[in-house]
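Input: structures, listed below.
The two complexes that follow have chain A in common; it is paired with chain B in the first and with chain C in the second.
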Partner chain A sequence: MRIDKGQISGTQFMFSVACFIQASAPLTTFISAVTLQDSWLVLLFGAVLCLPLIWLYRTLMVMFPEQNLLQILVEVYGPVVGKVIGVAYIWFFFTLASLNLTDLGKFTKLTIMQETPNVVLVLMCVLVSALAVRNGIKLVTKYSTLFTIITFILLSIGTILMLNQIKLENFMPMFDQPVGKYVQGIHIISTIPFGELVVFLMIHPYVKLSRRDATKYLFLGFGLGVITILVILLLNIGVLGNLLGMFTLPTLVTLRLVNLGMALSRMEILFAVILVMLLFFKITLLYYVSVLATAQLFKVKAYRQLALAAGALLIAYGLTLYPSLVEQAASAQEIVPFLWTPFEILIPLLTFFIAKLRKLPNAKEA
Partner chain B sequence: MNRRLKLVASVMLLSMLMMLLSGCWDNHELDTLFIVTGIALDKANDSEQLDISLQIGKTKSNVSDSDKSNSQQASTIQLKTTAYTMMEGLMEFNRDSSRTLLLHHNQVLLLGSALAEQGIKDHIDLFLRDHEARMEVLVMIADGRADEVLSAKLDQEKISGVFLAREMQDLYAVSPYYKIRMLDFASRLRDGTTSPIAPIVALKETDKKQEIKFNGFAVFKDGKMIGRLNNDEVLGYVWAMGNVKQCGVVTDSDLGRAVFHIINLDTERDVTLRPDGGVRVTLTVDATLNIGELRGFNGMTPKDLMPYLVDLAQNEIRRKITDTFVTAQTLNADIYGVGTSVYREYPKEWKELKNRWNELFPDTELDVQVKVHIPTTGQIVKSLEMEGSKS
Partner chain C sequence: MFLRFIIRKLRFLSKNRHSVCDNTTESNNNEQPHVSTMKKQIHENLDCLKDMLSGSNDLKIHPFRFGPDPQLAGAMVFIDGLVDNATLTEAILRPVTGWQPDKKTFPTGQELMDVLAQEILCSGDVRTASSLSELASGCLAGDTAVLLDGCTAGLVVSTKGWDKRSVSEPQSETVVRGPREGFTENLRTNTAMIRRKIKNGQLCVTNMTVGRKTQTDICLIYLSGVADPKVVETVKYRIGRLDVDSILESGYIEEYIEDAPFSPFATVGYSEKPDVVAGRLLEGRVAVVVDGTPFVLTAPMLFIESFQTTEDYYTRPLYASMMRIIRFFGYFITVFAPAIFIALTAFHQELIPTTLLFTIANSREGTPFPVFLETFVMLFAFEILREAGIRLPRPVGQAISIVGALIMGDAAVSAGLVGAPVVIVVAITAVASFLVPNQSDSASLLRVIMMVLAAFVGFYGVSMGFLAVLLHLGSLTSFGVPYFDGFAWMSNLQDSVVRMPLWSMIRRPKDIAHGDITRRRFFIPPMRPYTLQDEDDLEGEGEHE
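Our next item is the complex of A and B:
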């Protein structure tokens, strides 16, 4: 039944989760533009509120250790409804991959390569990603450890160099904005970086995990990711103060300000490295998951053949998604969180309850 | 066979990547660039337009040529134009020059005082928006025409933009509040109640020599320059903001003249709302000084002198801080960010106070508490004229 024969270890799974969440760290505007100096609090609240959600994913992983999300859906809702929801999920994965690809193109263009056409940047990324996707889950997740560690190192360097420019008073006043903003902020933070972890329900059958390990690695990875975003947010708020909401890429502006004795300055290349690296990982994983899901749905044995075609589609889709960055940011703040909620929270929750009611995994064995 | 095919394919693929990844579009070679080291904006004859002047550091080898005329050449190029917006000016420069302008290394943005008085809010958008724009660019006001300051021929440094940047770097070591980067300036412009400030530099010409002098701070309100602080008042401002590392305190009394050297001066600000609706600011200054130089104080014993000096220094610091505060109140410009402090302390009340800040700030009470420590007296314990030195 399994299309990809590869297997990954628990640590790799953990770092994949961490890296996946970290990928949202360079692009903190989606949250910092909404709740400004309280963003870090919102992040922490969001993370705590998401723990039950992660627990839900974990429970589904343990309940169906041999089946991925699409198979679970078919099992729980029956072949017809299950497949319809499956198609919706494929669209979800595909859109996510495409959105991240657009981000990569646009922000690389904004940070280091202003004159290079978007298509070229995106194409390069997809070509390398396709190579990984064709080789299966093992290669897709292989570099997550390295990426996570590099991110941590570069981030620590950046943070240490910026320490002298952090103004603590920029964090004041706390809780000054209307309650609605906080609710919106928490909703955004739980659906955009955290809830996207639902994609790991597609790859958990490849992980050699026991019940305890699943919990441990999933939460550890989640924790590592949250810490990264937290550090970046704190840094941006402390340095930029009331200008935080003005910039497209606050982290880039922050790192550009590094100035230690006139010698150590112009560190924004660090940002570009982190950005490209992490987004590449996230895109590859999402790309892999969408290809895998498609192959499974249509019972294609050789999913490898789909990789390049899907890549071409990703590029085309990404280019037509949003007319401009402004609209993309607005939609990320206002529309996307609502659009993602069913995929990330409602359907997994419903699946869990129905599975419990029908005593599904056990009934099958009995 | 298959393996060899794979090898060939991967080599081909890699070489293709190599060609593409080097970036066909974004290559910048040093000999095709003009490295901008300073930008000056001035008011043009037509008030809608700007006089834009760019200073470009010439790339030049350090090897001393036998040809002496080489060293006589200017080490900068000055480009000038008049345009409605900064971007139009840059486009014109790029059209009319052999190289591409590189703004990454721009050191300073100089604004002419006439332009500053007319308002600058409309003119700095590019310096925030452009992808080459950096928030660490220094913002300064030139007394008179900015392009004249930028084109100054200095003895100390060949490029005036670099000179200004280094001067500011030195002042930054004294107090971070001296150095006004684009980030600080824009942050205050956006803040609403805090008045932006920027250092003023003036060109001084004395018998064929040109010098750039630091000439106080310009005070802005609503994006327009409305007044200035002189050098003494700047000290009062910097001390009121705290975090001063090195700086002199000059005191004068009937008994003699004493100059102190600040080792560390920290100011804590506390804002409270008065029962009558006004605002009270309490500044608690904690300073550690060193005796720099003494003149006079004849007939005093060291035991009497120390408390006297402490008193003298405290009064002087208090006087300067109060003087500057009064100047700021006269200008009705909240250069200290008192409003922001109120906002941070009393966010609920601020919503209402914010609209009345223009009336409230001149009415704000200031209370300065100064505590001075003088732990050491320098290399000598007594001066020549003091009592006890003769015994």
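Our next item is the complex of A and C:
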């Protein structure tokens, strides 16, 4: 059952993956608050440790090229258990979308629109996202290329302007923190930006990919995303040093320090552009996936009709999730990684093994 | 949901209206079934013809007698003013009255008709018509109907000739370099002008007639083997399906066949210049020439097409690319400049450099209205002036624009009604809107939306509006071709933001052209100076040995 008839190309898939990971880049507090100046090392370790995880996702994609996550679950666990896990996944996607939406609202409020009510900001984003969701996967992923390239351009402009302010001693006390912190940091980095790639198990049937291409595009996209986060982290650490832990939006503060003569200042507008653009993409993708999953669960053909209703729920859910930004940040560091682990690592792994044991895709062919 | 409801209602209403129309046509047909059959008596036929044309006075009936000791009777029927009198005399009257059969017996009835058509008349376009309605429509198209006594058929002889405007430079698209001829109101002149640009047998011209009352002639032109057959079929189907009263301008057709009627962006292109249309045909597009208007439609249209002018291809690529980039900026400015100004002054003063902030604050000190209202009123005034400038007679129009632009603007600033920065922003917006004339209507619509967003939610609103416009552009298609192609994703990038040299554009646009997609056989770089070429050749030979 294919609800949406759209098709996306391999490059679009790659840039979507990249864009999805990049979207976490502007909000690096969740990791840099834990491991401070060693965050970039943690990021690198995390990325390397996540390679098997991405390989797992890729294997599931290749094993079930025509079915998305919900269908895989039903196939592997049977209709009842599969659907129960499916509902849990819908909740997961929905919460992710809500969280990112609140992020966008709150950070916009914090940086440029101090006096506007949060609802207005969130509502506007959801309305525009709904426009994309109603038009299907093709439109949702179409602009990922553009967004990724713009992010890279703006980022390199920012980096070049900041080069003179980077102090190498800011990186200095390396491996100076308790081991627990590193483990925690790696856990955070692998669940929050990287593990969320499990979302792409929902849309891979729309990509026509051979086994080799799937691997290539998935890992290239992953690499692009990691590079972006790495550059931003290095920039923040190099410029801010010990002050890193003090700010909710270190990247914003970093770019605010740009001052090249009288000509170039106030570069934090670049940050605002990147933030809005990337988070918008991530929200739209998650929003689309949750709408699609819901429609699929209830066997509704017209998923378009669900878009606005789901949007209203997203806003309501997002506004009631966390009372304040501080609590949200605390939860992102301590609770969320544990909450996400089953969805991102355990269930896919279990699904893979059960599918292997039951020789599922092969049995179907024979 | 509510919108959907309204649209459904509208659709229902329009369906009703259609059914009403069908009834009336049926009743019309019922009223005059006897008309089309022809009688033997010429008088009855002529009376019937007169009846069919409502007894109009410009219908001329010229009876004549011919043959040996004029005993054969006939009549010419034509509409005064639509026929060329010289052709009429030379092609029909003179040969017919001068005809002397060499045999004693001469043909009668149908045979005579054939002899007349094949031997006597000096015209390249004679067809036999067996019904009166055919004759009548021939007359209305400017041809002459020839009727013979005792014959149940008539001839339609082409004698079209009416006053028409000669080929002149188009007002809407002026160029510095390039051909200056423009289309005219005459269909055949226009198709001939396109044929003169593309002298190839593949250029296919298909005639169609649309409009129950106006019977407007329409020509579909495309390069078979280059144009996508699917697009050609779609255009044909959409035009053929039309059951409308009148087509007075190509804008009517455009509105009936376009993909997105409620989008601010036009999905059908138009041009007044043969070289533009020829260029688009060569890229695989389909042109629709409508009789009675110099504006020729082209489909499918891409967003990028509005930014491509013919001069881009006639001037050298570096300069052309620069101009194109400036055009993009112009469009961006004309849509976003007022919105950004409003967002900056009303919400994000911290983003303005301090000195400039003081200047703006100084100039806004005495102004009574919020900046949104100021900008909005000034833009509104500009639109009024522009419209007035177009409609008024030319000499008066200039005076009005001087009064409006110079005196009103200056007076408004010195009286303290608006701040000087607002006037500057509005002036830049207005001037920039002329850089991309094809998109000026979408620009003025979007501008207002962006201004409202900026007034309420500042930069966040503008960026959300920008994303919404991007998404909308991404979702549009024009006859199956993605509208935003060549812009945001990789396809046909040689001729999008920059124009690459002509010799590097080997292929036609991938999404538009089908079949014969190579423009040039292979990559032909420009010739190098002779001396260098010789040296290279010599070296190559040396290596061979």
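FYI, the second predicted complex is superposed on the first by the 365 of 366 C-alpha atoms of A that agree within 3 Å, B and C clash if a C-alpha of one lies under 4 Å from a C-alpha of the other, contacts with A are read in each partner's own complex, and residues count from 1 in each chain.
The definition used in the following text is that a contact is a pair of C-beta atoms (placed from the backbone, for glycine too) under 8 Å apart; a residue touches a chain by one contact, two chains touch by 3 or more.
Values in this document were obtained by computation on a predicted structure and should not be read as measured data.
K.L.:
Quick check on the chain A-based superposition: chain B and chain C, clash or fit?
P.N.:
When both complexes are placed onto chain A, chain B and chain C end up clashing with one another.
K.L.:
Contacts for A:142 in the overlay, against chain B (first) and chain C (second): which applies, first, second, both or neither?
P.N.:
second
K.L.:
For A:257, decide between first (touching chain B), second (touching chain C), both and neither.
P.N.:
first
K.L.:
Looking at A:173 after the superposition, I want to know if it touches chain B, chain C, both of them or none. Which is it: first, second, both, neither?
P.N.:
First partner only.
K.L.:
In the overlay, answer first, second, both or neither for which of chain B and chain C A:124 touches.
P.N.:
A:124: touches chain B and chain C.
K.L.:
What is the contact status of A:276 with respect to chain B (first) and chain C (second): first, second, both, or neither?
P.N.:
The second partner, chain C, only.
K.L.:
Looking at A:240, would you say it contacts chain B, chain C, both, or neither? Reply first, second, both or neither.
P.N.:
Once the two structures are laid over each other on A, A:240 reaches chain B alone.
K.L.:
Does the superposition put A:116 against chain B (first), chain C (second), both, or neither?
P.N.:
After superposition on chain A, A:116 lies in contact with both partners, chain B and chain C.
K.L.:
In the overlay, answer first, second, both or neither for which of chain B and chain C A:108 touches.
P.N.:
The answer is second: A:108 touches chain C but not chain B.
K.L.:
Is A:229 contacted by the first partner chain B, the second partner chain C, both or neither?
P.N.:
Touch partners of A:229: none, neither chain B nor chain C.
K.L.:
Mind sorting out which residues of chain A both chain B and chain C touch, each in its own complex?
P.N.:
112-113, 116, 120, 124, 262, 265-266
K.L.:
Of all residues in chain B, which touch chain A in the complex?
P.N.:
Residue positions touching the partner: 17, 20-21, 23-26, 104, 128, 131, 134-136, 169, 181, 183, 186-187, 190-191, 341, 343-345, 347.
K.L.:
Note which residues of chain A are touching chain C in the complex, please.
P.N.:
11-12, 108, 112-113, 116, 120-121, 124-125, 127-128, 131-132, 135, 139, 142-143, 145-146, 262, 265-266, 269, 272-273, 276-277, 280, 308
K.L.:
Over in the complex, which chain A residues touch chain B? Could you list them?
P.N.:
The contact residues of chain A facing chain B are 110-117, 120, 124, 169, 172-173, 176, 240-243, 246, 253, 256-257, 259, 262, 265-266.
K.L.:
Can you check the complex and tell me which residues of chain C touch chain A?
P.N.:
Against chain A, chain C makes touches at 1, 347-348, 350-351, 353, 456-461, 463-464, 467-468, 470-472, 474-475, 488-490.
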